[in-house]
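Going by the order they are written in, the chains are A, B and C; count residues from 1 in each one.
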Amino acid sequence: MLFSFWTGTSVGMHSELTTSNYTNILTGRTFWETVRWTLQVLAIVLACSTIIGVLVAYFAARVVAIEWVRTALVFLLFVPFVVSYVIRMITWIPLFGRAGLLNTALTEANILDEPSDLFLYTSPSMVTALIFLYVAFIIGPTFFKLRQLDEDLLRAAQNLGASPFKTFWSVELPLARPGIVVGWIFVSVMILSDFATERIIGGGLSPLLAGTVWRRAEVLLWPQASAQAAVLVVITLAIAAGLLRFAQLERDL
Amino acid sequence: MNQQPIQEPRGMSRRRFLANTGYAALGVGAVPTLLAACSGTSEPEHQLQLRTQGIGTTVLDPVLAQFTAETGIPATGTQVGFGEMVPLWIQGGYQNQWDVMEAQGAQIAPLVEAGTLQPIKVADITHWDSLLEVFRVPGAAGQDGDGHPFTQVYTQEARDSGALDEVWVVPTVWNGDSIGYRTDLVGGELDSYAALWDPQFAGQVALFNSSLRAPMEVLATFVGTGEYQTEGTIGNPSRNDVDFAIDFLIERKRDGQFRLLWDDFGHAIEILDTGEVSLMNAWEPIVREVAARGKPAVYGTIKEGYNMWFHGIVLSADSPNYDAAVAYANFWHEGFAPAEVANQGYMTPTPSVAQAALQGADSPDAGVNAWDYWYNGGGRDRGSVDDIASRAAWWWQFPDESEYLESRWQDFVAT
Amino acid sequence: MGESEVPAAVVEFKDVSRRFGDTLALDSVSFAVRQGEFFSIIGPSGSGKTTTVRMIAGLEAPTVGTVKLFGKNVAAVPPHRRGTPMVFQSYALFPHLNIRDNVAYGLRMRGVAKPERRSRADDLLGLVGLEGLGDRRAEQLSGGQQQRVALARAIATEPRVVLLDEALGALDAALRIEMQVELKRLQKELACTFIHVTHDQSEAIAMADRILVLQGGRLEQVGTPAEVFARPKTRFVAAFVGQNNLMDATSTGTTGDGLHRIHTPLGDFLAKESDGHPIVVGEPATLIVRADALRRVTPGQTPNQFGGTIAGARYSGTTVTFLVKASDGTEYRMEEPESLTHNECHSEGDRLRIGDDVVVGWDADHAYLMQQPT
């Protein structure tokens, strides 16, 4: 933190206290554009992974009837995290690359005339990757919340005239919300500190905040990196605090 | 920047002050006395050891083991990321944990300015006169507009006096970065950085995600065609030079020229191997690996010249192991270490010393020895060692306008 | 009983069976519940009573057989369309809603507008004695209050049937009795059919118009509390309902005044045949003697008597129940008013202690002879 008030030069830094790193950042259009884009990506990823995550959690918790299948299903979601990040990311090339499975399938089915570049190294592909990387962190807590729920509550709701959908909407979803919010906090913190997905799947041309901070550090611009990291930390804490508050409104975390 | 005398920075840190005092003491050979005075005991017999730090390319267990076997000096090596090397010494305060950093040429200036190094006497380097001239002779072919690497190697004093008797760094490994491409995908041979911006390859180009690479390649391209004259140099551009390069890159990005930016070595191999991109600015081992996988990948011989770099031994100002560092540098100039790194395409600055050993080592091409393959034009897309050494567009450095360059590079990246 | 003639059967089970894996939870059960009835289903755990009530609610489906609601087969009707709210032992109040919104939940599901359903919920809270607590959370209320909320929630939509699954099971004894009275009052007031599941026969006897006794998934008896209590159809019902003593017996013939001479392990006695339950001479039967019918006698005072030893005693307020161990080792329960034991009129010598030898007997009128099912 202290570094961020030091003066950075190409050849190192010395400890003349300065606020120019902050003012440079606070007035830098590119930095705020990156902040805005990062928050936009975060919002999209949260929205999509919540929908997918809650549906999958519901499927695992309610539709799958056999206990061990259920456990295995949820456990499987976390298997990818055992594999090293770069290996996990490189597996995207044979799936979504020019000669990947998806392009091959689409061209063979005559849906595409020639392989598309859209599925890799683009913003949509990065967002998709982020969703599938982190959706497990929504599914996990939501699943456990749903399993925890007293089944009599569901029976009561049905007998009071709630269809399965209304039961989900009016009972299960509100009661699973603390789990979902915990997932949101996980996902937010991870996306705000993820500097790899943006590069390896996003192609590095639509950078997220953590990546730009990392870059500054890589090229020895420590004061600038520290200043940006401070902004990043503030944003992360603000989001986490806001979400926690949202969860605690109902006091049932 | 190193052609100017090093200016006293505006704020002088406590560390720098101590370090500078340390030099003075060292100049009269008083370090042991100083140490003894500090500890309050007399310790005339110092047990030499070598503690070295650097990236995985040069800090190698077999090399250290062989060094210890030949010299009897115990050696430990710590591999760290390129970006961590200097911060660990300067900001991290870990300088006194190591004797030697196997620093990259561009890292010398920050280390010198921070006062964390002690000079090494040329007289102690056994094979100094066998070093390629580009490192040790002013004005030799292959030096860039800033006189690099010559100006990076010697101390300011040694250059100013013309004595050339002290260096900050003893070069040990060097190479030139260039472009890599797939002849099957680009449909022929490429000989210019201009290919990276050529609309005919739109969407098929990957750039290394570094502000110190593509902008310089833009400048090299247009300096080469005579369409642009730099205010600074290619390696150390002025703000206007930076703006010219970045504005051009942004325009090309908007036109969809670039598929992605690459960061990771393994990832870079994959994208060229799978044909996700047809060409990229690359490191040699990336292209060699893709070629080894049977793909028609070529490491370009570029008319504008290579982006040259070298690593060498620098010695911590706090180190009591001067003799060990010198021995380690000398060891790198002989056959064993050059043969160890040869098959990554990395070369020794003392080819004549290492030649015999390299002729006994294998290359990727069965039947061709490492000397003929890597140093004697045996590789299909590779000239002789003298040829490569003479073709520099610029030598890696952190420009004076690094911060501005980096923020403009971010503009390009985030556009 | 002529149930099939009553057209207004609210619930009707016809040969309903339910199988869970290898277990038969319900075995060909048929019964009908009438409009406006307080109908209790009793049985020990595992008897199938919860399965039965869940089938009415649509939470379980029969493996075989038909369940009718208001005369219609409801096999294809999902729970939320059956209009059969249930009150649970766990109360099952929604923790994310306040009390008012809990009560209004059913109305909300029916699309009743917010102001209307809220005022209706407040009315209902008044009806169950909880006015003014609408803004509270369930966890802030006592068990008894939560149970009332659950009840108010169940009746909010004016259902024709309310299901109560061990609804009072979690309450303490005093509160349970208070709630029994309350439930009964509400049920009469609403003229609504209550189907009530309990393992506590005294609760069923106190509240029910009719009782269904289940055991091991089989129907043992359906009848009024008086019938079930005084005229159990099976040995199981006799043992489960009320504190009855059961004795294996065989009729050896009849006396002139309509009494059977019976042979039991404890000796030969006289027993009366009850209406509609003829006893076949020579076939195995069961003699049922209620605990409060058994009393101390002097030898020879009555033909129905046997000797034993006091093996234990249990005081419960107004009565004391002694265990009398007979010569064959079986223990019989004898219930005496507490005054008999502690009344000052009794000398110390009359006070029974464990180990005392006693002779106990009963009047033939107070015993009941039942042919054992073959």
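The definition used in the following text is that a residue touches a chain if its C-beta (ideal position, glycine included) is under 8 Å from a C-beta of that chain, and two chains touch if they have at least 3 such contacts.
Keep in mind that what you see is a predicted model, and the values were worked out from it rather than measured.
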Chain contact graph, described as a line, ring, star, complete graph or other shape: line
Most centrally placed chain - per-chain CA mean versus overall CA mean: A
For subunit A paired with subunit B, centre-to-centre distance based on mean C-alpha positions, whole Å: 37
Whole-Å gap between the CA centroids of subunit A and subunit C: 57
Cα-centroid distance, subunit B relative to subunit C, in whole angstrom: 91
Residues within subunit B bordering two or more other chains: none
Touching residues on subunit A, where the partner in the complex is subunit B: 3, 7-16, 24, 28, 30-31, 33-34, 37, 86, 89-90, 93-94, 97-99, 117, 120-121, 199-200, 202-207, 212, 215-222, 224
Subunit A-touching residues of subunit B, taken from the complex the two chains share: 1, 9-13, 16, 82-83, 86-87, 90-91, 109-110, 113-114, 203, 209-212, 253, 258-264, 266-267, 270-271, 274-276, 398-403, 406-407, 410-411, 413-414
Contacting residues of subunit A [partner subunit C, same complex]: 150, 152-153, 155-164, 166-167, 170-171, 174-175, 250, 252
Residue ranges of subunit C in contact with subunit A within the complex: 54, 57-59, 78-86, 88, 90, 92, 94-96, 105-106, 108-110, 153-154, 157, 163
